[in-house]
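What follows is a pair of complexes built around subunit A, which joins subunit B in one and subunit C in the other.
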Partner chain A sequence: MLKLLGTRLLQMILIMGIISLILFAIFDSEKFKKQIAVNELGGFAVSALSDQDYQVWLEKKGLNVPFYQRYLNWAGGVARGDFGKSFEKNEPVGSLLAARLLHTGLLAFWVFALMIPLSLTFGIIAGMKEGSAQDRLTSFVAVVTTSLPEIATAIILTVVFALGLHWLPPNAAMVNGWEWQALVLPVLTLVLYDFGYVARMTRASMAEVMHSQYIRTAVLKGLPYRRVILRHALRNALIAPFTIIVLQLNWLLSGVVVVEVFFQYAGFGKLLLDAALYGDIYVIQAATLVAVFVAVLSQIISDVGYTFLNPRIRFA
Partner chain B sequence: MSEKLPPGFQHPVIQNAFGHLAAGRLDRREFIRIAALLGASAASAYALVGLPAPAYSEGQLPFPPDDPKAKPGGVLKVAMQVQKLEDPATFSWVQMSNQSRHTLEYVAITGPDNITRPMLAESWAASPDLKTWTFSIRKGVMWHTGEELTADHIAWNVMRWADPAVASSNVGLSVVAGLLEDTGKKDDKGKPIMGLSKGAVEVVDKYTLRLNMNRPVLSAPEDLYNYPTAILHPSFKPPLSENMIGTGPFALAEFNVGDKCILKRVTKTKDGKDFKYWGGTVYLDEIAYYNFDGDNQLSAFASGDVHTLYDFTVEQLDLAKSLPGVINASRTAQNICCRMQVDHAPFTDKRVRQAIVMSVDNAKVKNLVYGDDGDVGEDHHVAPVHPDYGPLPPLKRDVEGAKKLLKEAGFENGLQVTIDVGNTDGPWHQTACEAMRDQMKEAGIDLRVNVMPAAKYWEIWDKTPFGCTAWTHRPLGTMVMSLGYRTGVPWNESHYANPAFDKALDAAEATLDVAARKDKLAAAAKILQDDAVMVMPIWRPVYTIVAQNVNGYQGHPTEYHQFNKIWLS
Partner chain C sequence: MTALEIGVKPALPLHLRVRQPDCLIALILLTWIPLTFYVMFGFYLSDTVRNFVLLPAIPATVALYIVAVVSWRESPVAVIGATLVFFWIFVAVAAPYLPLIDPNKPIAPFAEVGALKKDHWFLLGADFKGRDMLSRDLWGCQRVLVWGITATLVAYAIGAFFGLIAGYLGGWWDQAISLVCNIILSFPVMVLFILILNYLGPSGFNIVIAVTFASAPAIMRIVRGLTLDTKTRDYIFAAQTRGEHPLRIMIFELLPNARGPIIVDACLRLGYTTVAITTLTFLGLGLQPPDPDWGLMIKESAKVAMVWRFSYMLLVPALSVSSLILGFNLLADGLREMSMRD
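And then the complex of A and B:
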């Protein structure tokens, strides 16, 4: 197990190194430096700048330093816990990122807290008896919610519950301070989208297990149906959904851009979009490191979880 | 004529304008604007022409009068993009200036009635040739440091705008450009480096500043309310968000880009003494800007999170009408300019450009996008709302003519072109271009609409051969024509170069007779129109909405926020 963790950590550092180098190289291009200038001074002002004045501006921003030197300075800073300063927001990237991760973490928590029990319960009920009414209903709902893109779900929910019924606020900017109601629509949008996917996977896994020989044997032995499901079927049926659910961590981190931007929720996804549009290289770099970290972490959780769910799997 | 005019109206340009007014060649509002620009009292000008003056403070203050019913206190919440505050001289968006507008003030202030009044200046006077402008700086204006504002401070700001290292867009303003001369040096692109003329900025005494220009400038006070001309304390060092010392009634209390900008009333100076604001009573305790992207501002208003917003687009108008609030629609010179680069094939052929322009019915495009609101564009860059606008014969769509021209240009089998669209002011840009696409199809032109993110468009706005660029409102037609279409100027995105046009524009700018100036600018506009450089279908209105408990709100065509006399009930 320790060897597995060590290998994964080494892989993570290697991936972080390669990706950050590639990103730095891309953002070191003249095009991206110009993008920062346009965002900072405006398209009209940049076109009025002489080359000489543009060079002065680059120097002021520290963008005229050779690529390798900038990269080494940045990597040294990261090693010391300093992720640099955001061009757009004029703040240290570390504190900015921490605040946004906390917000997205909160969103993710509630999405998981609702989505996991819902999708597992309905997926299992549907998979227990293929072709039954509950199976057809669950499958239908799952296909509908997954087919609808997040932006469509977000619009429908906003029109109905915020602008129509006035039950909930239409955005999650929370300008008047923290209010749990503001989180309902973003959470619901994500839960609806993800529910269908996980429920369908759970249903398929459960249905496969229910067809297996050992379940048939258990049923024929006369074991109570409830015991067959809870003791024998469930554990094996959960292996596939478990992996899927853990992988949703990655999706929730970087795939929530649409929802966070739509609801104006100040989370990691919105930060990433703002940074990409601005060309805010240090924010993009730090966000990428976090994304790699979460991706590797989710793999580790998935691998370790496997060993508990399936005793046949052992890591040498 | 001069004996009919009261004291304060003796400037020859005012007398000339009054003559045109009497002869029916100038409308009354335009006369008031010119008289106020040349130092006459706006209230007297309104009275002189027999128009009811909008309510303004008695005395010398450029704000509406105190409201006896007003309740002091409260926080005005506004949905707007909260942007970076680096340096006012390089502000590139009006939103930035709104965030600092109640802290950093201006020499002059243009009201919602388009009349410019003295602000940090108490008054001004122009020489008969409009080359020398003398500003009397208001006495008793206190910086947040406790110091008094002087002419030296204003002079420091003007000289800073002229410094090429600051890279301020203010050098494009007539008031600053008139102070510059060719230094004889060239930059690396071979362009002449301009520097401040000797004696251009003259501090006469503690409260008097004189600007000595090398050409006549009528718009000096108007220019001094352009959003990047906010007056900074000479101790300023960027970023502004960490060093915002102003003369205004509010100071920055909390600021996070993309989150919020909180401004609180200043009661004490930096050294702990009582702060006395020169501008009279201010009712609000706090102005809070909360970051909402353009599309989300109306939903923030709908939820009651904010009292008002920066603006909303025409696509959201129906939703806005369903909400409890007062909608403000300001007539402006904001537009989209679908311009072609005249040195880039196939637009090098004037017949191709003419065919494109002739195939579009601007009125239909405007009506499709804005309905009855807004003004129809005329494929040049002077808007009906500009005071120096002169009408040209109406344009007619001519599909057969366009086909004929295309055939002559060698495109008898049709022409395919792509227009880059950034939707920088909202999705209506795309809607307008798609309407143009459908109209052009009839003439055998296949217009591809290439939509890209707004930030990306600003990277290529002056490089793309065919692009849809949004130009903001500027108070004068000559100003925007000079910025965008003179040979070789930095913002000449169409690469248009026509000595006849430059000459016609020079003639318009050098004409002090306001009626003759209109005719001359119309002549320049006609040259630009005939050269078919752009399709300019729409002069758009700007919409905003205000909650019913907000009192004293007035929309501004340039979307400048002026909240000194707003109060909440």
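And then the complex of A and C:
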């Protein structure tokens, strides 16, 4: 187990190293330096800029240093916990990213806090009796909610609850300080989309367990049905959903971009998109590395957790 | 001599002949090629060609839909899914011949649903520039469908190719391909999309590249798994003994026999790609104005239509894209159910 963990962590560091190098190489091109210049000085100013002035500007920004040197500087900085400075916001990337990650973390916390109990309950109820009315209903709701892309769910919820009923604010920009109500619609959007997927997986896992021999034995032995479900079936039926729920972290980092942009919520996803459109290389680097870190870590946790929970799989 | 003895197949009745694979492929190509040409290269076509190029696709679409309903009639879910998907394909191929006004022509800004303004009846209202929403919505499905299906196809071609190689040849090939796939799969999809499209610039062709990058590794894994399973069958050994080339074995022996799960996954993936294209266009990284598509309509309206009265500007494209994706998902569900039954 420890060996597996060690190899996976080593792989992760290797992958992050390769990715940061590729990203640096991409954003070192002339085109992207120009993009930063256009975004900072304005398109007209850049076209009027003489070659010499452009070189001066590059030097001021520290962009004229050769690629490998910049990369080494940056990597050394990361080792010391210094992620460089944002070109767009002129702030250290570390604190900027931390603040945004906190916002997204809050969003993610509520999404998981609502989604896990909801989808597990409905998945189990549906999987208990395959083909029953409750199964059909849950499956239908799950297909429909997963089929609505986040952008459509966000629109429908906003139109109904914010524009129509005026219960909630239509965006989560929170210009006048922190508002809890503003968080409701983004959280609901993500929960609705994810609920269907996890519920379907839980249902499939539960249905498979209910077909197994030992459940039949338990029922034939005359155990109360409640006890069969709670003590016997659930233990095995929840192994697969566990890994899927952990892997949802990876999905959440994708889904969060759309939702944060639509609701103008100042979180990680919006930061990443803004930085990418601006060409803010240090922010993109740091944000991508965080995203990859979370994604790979969730994969490791799900793998290790699966072997830990399922006694039938053991590594020699 | 009878027809059988000289090696000619006896003529099948029409309704059975249509369901032969070669006939189906011909129908699909007849729908697909004109539509793709129309959307991707419509600029280069002369007006007369443009006006007629989609005509043969209309009967082909209808024929395909009938075949789909007849062959999947045992699964109502699949039929509902097929109906939704074919509705939008039909709209896509028939859009130039439907009584719609030019989707890019500004007439009456903020005309509401059902309003009669300037001699035009706005069934679904007009957007902030005064363009007819119904017309934009129906025309919009062309771009979403064409780019979505093209991107999925390219991703499948590349993913399946590498999956076959990794699964069939094994060894170093497998190691190298799996490593690259693992690196790509460690990105959250949207992060990968943003990085690639930011590098290449926003356009339809670049979306195809980005979707290929993001989906091909997952497809490769599926095909690799199926190949590993199929490659131990007797007919593969027979082909090897006959001395067939590995590429021939992969494409003509392995791939057709692994098609069941691949088709189901392809339907699901078509849904994901449609979501991705709409979302990317909404984020400003996808298809470019002025031609309508659903993501663009959402993007343009999100700034101006945040009022109850004008919420139809957001709802119409959102519901359209949802119905298409629901169609793909139901189709995948129905096909999976049917394949499990037999």
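Here are some notes:
Methods note: the second predicted complex is superposed on the first by the 310 of 316 C-alpha atoms of A that agree within 3 Å, B and C clash if a C-alpha of one lies under 4 Å from a C-alpha of the other, contacts with A are read in each partner's own complex, and residues count from 1 in each chain.
In this text, a contact is a pair of C-beta atoms (placed from the backbone, for glycine too) under 8 Å apart; a residue touches a chain by one contact, two chains touch by 3 or more.
Model, not experiment: these values are computed from the prediction.
Because the two structures share subunit A, they can be overlaid on it, and in that overlay subunit B clashes with subunit C.
Within the superposed three-chain model, A:Ala173 lies in touch with subunit B and out of touch with subunit C [touch as defined at top]. By the touch criterion defined above, A:Met201 reaches neither subunit B nor subunit C. In the superposition on chain A, contact is made by A:Trp251 with subunit C only, not with subunit B. Look at A:Gln52: by the touch rule set out above, it reaches subunit B but stays clear of subunit C. After overlaying the two complexes on the shared chain, residue contacts for A:Asn90 are found with subunit B alone; subunit C is out of touch.
Of the two partner chains placed by superposition, only subunit B is touched by A:Val38; subunit C is not.
Legend: residue contacts after superposition of the two complexes on their common chain; A:Val261 is shown touching both subunit B and subunit C. In the superposed model, A:Ala291 makes contact with subunit C only, not with subunit B. By the touch criterion defined above, A:Leu163 reaches both subunit B and subunit C. After the shared chain A is superposed, the part of subunit C among 20-28, 38-46 or 272-280 that runs into subunit B is 38-46, by C-alpha clashes. Residues 158, 163, 170-171, 261-262, 277 of subunit A touch subunit B in one complex and subunit C in the other. For subunit B in complex with subunit A, the residues that touch the partner chain are 77, 84, 86, 90-93, 164-165, 167-169, 171-172, 187-189, 191, 193, 239, 241, 256-260, 288, 290-293, 296, 299-300, 302-303, 305-306, 319, 453, 455, 457-459, 461-462, 490-491, 493. Subunit C contributes residues 182-183, 186-191, 194-195, 198-199, 271, 275, 278-279, 282-284, 295, 298, 302, 306-308, 311, 314-315, 318-319, 321-322, 325-326, 329-330, 333 to its touches with subunit A in the complex.
Subunit A contributes residues 11-12, 15, 18-19, 23, 26, 143-144, 146-152, 155-156, 158-159, 163-164, 170-171, 250-251, 253-255, 257-258, 261-262, 269, 272-273, 276-277, 284, 287-288, 291-292, 294-296, 299 to its touches with subunit C in the complex. Those residues of subunit A that touch subunit B in the shared complex are 31, 34-35, 38-45, 47-53, 56-57, 86, 88-91, 158, 162-163, 169-171, 173, 175-176, 261-262, 264, 266, 274, 277-278.
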